[in-house]
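Heads up, there are several structures right after this.
The two complexes that follow have subunit A in common; it is paired with subunit B in the first and with subunit C in the second.
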Partner chain A sequence: MHSRATPYLLVAPLILFVGVFTYVPILTSLDLSFREWDFLSPDRPWVGLENYRLVMSSQEFWNSVRVTALFAAISVPLRLCLALGIASYLVREALPQRLLRGALFLPSVTSTVAIAVVFSWLFATDYGMINAALAALGLPRLHWLQDPGLALWVIIIVNTWKQLGYDIVIYIAGLQAIPQDLYDAAAVDGGRRGHVFRRVTVPLVMPTTYFLLMISVIEAFQVFTVVDVMTRGGPAGATDMLVNLLYRVGFTLFDIGTGSAIAVLLFVLLTALALIKSRVLGRRVHYEA
Partner chain B sequence: MRHIFKTTALTGLLACAAVSAQAATTVEFWHSFKGASGEVLDGIIAEFEAANPGIDIEASYIGNYNDIVAKLQAAIPARRAPDAVILEVTRYGLFADRGVLAELDGYLEADPLRDDLFGFAREVGVYQGKTWIVPFNSSTPVLYVNKAVFAEAGMEEIPDLGDFDAILAAAQTVQQSLGDDGISGIAAPGQFARWGLIMANDSDLIDSVSGDILIDAPETVEAYEWMASLVSGHGVASVDGVTEEDNGRDAFLAGKVGMMMNSTGNFRSAKTALGEDLAVLPMPCNRACSVPIGGAGIGILSSAEAEVQQAAWRFISYAAGAESNAKWFAGTGYMPINRNTAAQPVAAAALEQEPGITVAIGQLDVARGRPRPPVVTWMRASEYDVWQAMALGQREVAPALEDFAARTRAEAARTN
Partner chain C sequence: MRRDTLWSWAALAAGLIFLSPVLYTVVLSFQSVEAYYAGGFSFTLKNYAQAFGQYDFLRYLLNSILVSGVVTLGGLAMAVTAAFAFARFDFPGGNLMFAAVVATLMIPSHITLIPNYLTLARAGLLDSYAGLILPALANGFAAFFLRQYIRGIPRALDEAAYMDGARPRQVLWRVIVPISRPAILSMGLYIFIGEWNNYIWPLVALNDRDLYTLQIGLAQLYKENPGEDLVNWPLVMAASTITILPILLGFLLVERHLVRGITMGAVK
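What follows is the complex of A and B.
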């Protein structure tokens, strides 16, 4: 009854969906990166590598690369360390842990825009609750969203708060997969808690860490909403991530060719990072205890 | 039998034709009004539809002016653009230049509305000698004062606030007296007010006649230096209003700021928030008395079918008519654009009972339209970052503006 075409027919809808909504836009973006277009003109003249030359010679682009890399370098390890630490506590199946898991996961399913708006109010200089708390303690008010030295930290805090719940849930799944025998054996050998964590938990949860690392680095390079709502890349470019620059150039300044060139460069950068990670870290990941 | 069949078929065809003749023409209309303004607009649309049963206005709130521009960009190549759209008065030139908007002169010439519109209202819709939009919500910036805050700071009578020094002195008085209570002297000026203050210093960002870039002109630099000093030099304006312009307005409405310069379109919300404590004054005349005309107008997309364009024009004409304009003026505080508006009972009542609402009209003698070539859209989008850097003390004003002027000239050469 089953013809050879059946499997292809079964996967065809998905392939069609991914093709239309993922690969066609990627290829269109690649094509547009070699053209000059403002979304409105009927003509899209071919300009070769001019858009790439413009991007590579722009201070704004290199500032965005620096800011995004800094953001990723701080926020990814922070997220993973916090998530592993909290997951190690929440892995136990007791009522408080279950309640906490739900509470910590809540931000992951909350609208990012709503979170960013609320944190904007909290971090407002003159009317924000955080500065009010600092003032109550006799400390000076800080220009959280106006000081270039602080604004990126605020974005890191908000993004970590938003994403942490997801990382914790994934880590809990990873921790639950570690056989209890290994902990029992370590206990028989007199292993202390910290030692067992370092020598048993961390290596055996490595596949989860590797997966989260991949995901969180990609997310870090694609962060947009929190920045767009809270700082729009400011002050003075201190939080101007690559995707914010891409959006601003393409959709605010009407230069879709240059915006597409930035998108293509971001794609190349992320692919290169994924390859490096798989070469460097992939060998250290063991999928069996 | 054959006869019966023929009669039935003919009756059916006639019925179809009648239904098709009565089918409503739908005009998809994108706008930027919500809250109280949105309700007034909904009322005008409902009255228009009642008066024109063959036309259905499908109105959608899209966001602010920037959001509309961004969404139009995505909608036009996707062939999902609306039939009529609200466009800000300095940003429609780009769309006109690229052939996105339909020319309105033919409609306007044949419509009595042409003679009813004030001169400024006809002028703001013209780019390169042709009419592309008809203003709907016209405004100028005005100076809003919270009398209660001033009185608490020891200024029972509002002092003369006619120039930059006087405004700064009043802001400092408020800040010194009430700063510890979380009350600021003045809200950091938003982009429309910044443009107004530059014009009050006898300059402009781009010359509306010659198109020359005046961003680094000495008077423009001086105006920006004064504006930036309100935040980073004298500390009389909150930094919160620099990174998010609406914060300054919201703080004023909450009674936490002594003064703000903002569009007359904020009159209704300010009156509701502050009641009798609200005073509305003209913008300062520092080196000159001059204010920009702001707001937006309705344009028709050239992609709309001829019949839909006709229907859209009827709506535009109705919305700009004296009766609708009077309701809009009284309900929002935006300026009348029609010579006959003031004679309408609802407008006459507003003029009599709410003197603050007339300040913007009083400024019309010194009001002028702003430039609208394609580069203005780019310039306005880019100005926010430059202002932020200057106001927060991260860049010196003069070099920041020189750099911005150079970039704007390069962009003008590319896009105009």
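What follows is the complex of A and C.
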């Protein structure tokens, strides 16, 4: 029928590319993180843990850790709560619901750069629409992207606006998988709407929540584009995410060793997060639909 | 009935408010810069002429189409053949390789940034189309998704074809691919959109302006403007519209395929 080599030949291109561009680079990053190198000089001396010591003692790194963690801690729950609330209203397959779903989903396939540019305009100090609206209400204009206390919130708003539709679509699919008779039973028992939502919907949609939580935390720790376009990490490091720091150290300072150390630390952090979450949440994921 | 109509209007209004930033972008792109700063409105196509002519956005558009197109076709070819093998063949190491492919979904891509830059520099492929395309070809999600889809196709179909003397390649092309067309289309869109919007890799791999994709061109145009309130916003908005529009039009045509592709993968 077919030779034993057939399946290997079929998977070969994919495995080759995954190996060359994903798995080998992990090892390369690890190796480079123990060396000192500026990308140009012919030798790359081994410096042991020096790069890690440097990173761990730098204020810039801890600032990025704090900013990124804060970003994740605010934006992930915000996205999931909004998405589940909205999804439970849009779960029906009627025209208005489908239209609104389409509108909400659109930003998630739109260019992040374009969205960042457009929101830079919305939040611009003198000619921006948000400030024009504030001024019309008699409120003072705010320096949204220049104020260290506000800039991170702007980034969170933009990110939420962009990603919300994706979360909603996934939640709708999860909600549609809940058997209708459970709602019927709850209705027979005279459950109030909020009560049914808490006691039936939330626990039953847990596998979806778990999935979204996992990918959105990983995503939050990798946020880069919005920040690079809107603030480039500023003002005063208030929006300086880990990947922005990594990009700056690796590709503008060409400090390959330190950049690789940051990459490895971020990699370890995300892997640890994924493992912890599957341990802790794994026990609480009920009722596989 | 009346309640439904009310719902429709409310939904439409909510959708428009939510999308107002995008709608404003399009409106503003037809505004002349003088009128914009004077607070009036006058319709003009000058911003587009300027973006396409003076600022090379036509070239960026073609670059984006070329790179995303090749990544989509190449990525699909790899994913479909591998998915076929993972779904239909029992071979030593198969499960391990499949696990390694799926694990790439969880591996943060930034860890590959510096090493891939070095690999391509060594191969002399920085500042080339190949340098943009090669690292983006392997798509773990597409391989995973298509494998699940192919497993749902009755094996009897394959076996009938083998009985008639077909070879695996023919079974793939004549049986599996035609039946999987909706799934392949969904994944094609998914890959194309992802690559179209890709930013950090071209940012790292390109210096040559002639190779800029739309994302890099737009970011550059915006960053090179003097200060936030001196920006030529109508021009920037025309460039943004050019960057968004192809995906927007495609989205309106094939929203269902796209949404299905994304949700099916997630709910599995």
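Just so we're on the same page, the second predicted complex is superposed on the first by the 276 of 289 C-alpha atoms of A that agree within 3 Å, B and C clash if a C-alpha of one lies under 4 Å from a C-alpha of the other, contacts with A are read in each partner's own complex, and residues count from 1 in each chain.
Everything below uses one rule, namely that a contact is a pair of C-beta atoms (placed from the backbone, for glycine too) under 8 Å apart; a residue touches a chain by one contact, two chains touch by 3 or more.
Here the structure is a predicted model, which means the values were calculated and not measured.
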item	value
Combined model on subunit A where subunit B meets subunit C, clash or fit	clash
Partner chain in contact with A:Ser41 - subunit B first, subunit C second, else both or neither	first
Contacts of A:Thr28 with subunit B and subunit C, given as first, second, both or neither	second
Which of subunit B and subunit C A:Ala133 touches, first, second, both or neither	neither
Partner chain in contact with A:Asp228 - subunit B first, subunit C second, else both or neither	second
Subunit B versus subunit C as contact partner of A:Thr125, first or second or both or neither	both
Superposition-derived comparison: subunit B or subunit C, residues of subunit A touched	C
Touching partner for A:Ala185 - first (subunit B), second (subunit C), both, neither	neither
Partner chain in contact with A:Thr252 - subunit B first, subunit C second, else both or neither	first
Partner chain in contact with A:Leu49 - subunit B first, subunit C second, else both or neither	neither
Which of subunit B and subunit C A:Pro148 touches, first, second, both or neither	first
Colliding stretch - subunit B into subunit C, listed as 41-49, 59-67 or 347-355	59-67
Intersection of subunit A interface sets (partners subunit B, subunit C)	39, 120, 124-127, 145, 251
Interface residues, subunit A side, partner subunit B - complex	38-42, 120, 124-127, 143, 145-146, 148, 231-237, 248, 251-254
Subunit A-touching residues of subunit B, taken from the complex the two chains share	66, 70, 73-74, 76-77, 94-95, 98-100, 182, 184, 238-240, 242-244, 247, 251, 256, 377-378, 381-382, 384-385, 388-389, 392, 394-395, 415
For the subunit C and subunit A complex, residues of the former touching the latter	4, 7-8, 10-12, 14-16, 18-19, 21-22, 24-25, 28, 37, 77-79, 81-82, 84-86, 89, 91, 94, 97, 100-101, 104, 106-119, 134-135, 137-138, 140, 143, 162, 167-168, 172, 193, 196-197, 199-200, 203-204, 214-215, 218-219, 222-223, 228-229, 231, 233, 236-237, 240, 243-244, 247-248, 251, 255, 258-259, 262-263, 266-267
Interfacial residue positions of subunit A with respect to subunit C in the complex	1-2, 4, 6-8, 10-11, 13-15, 17-18, 20-26, 28-29, 32, 39, 94-97, 99-107, 109-115, 117-122, 124-127, 129, 145, 161, 166, 169-170, 172-174, 177, 208, 211, 218, 221-222, 224-225, 228-229, 243, 246-247, 250-251, 256, 259-260, 263-264, 266-267, 270-271, 274
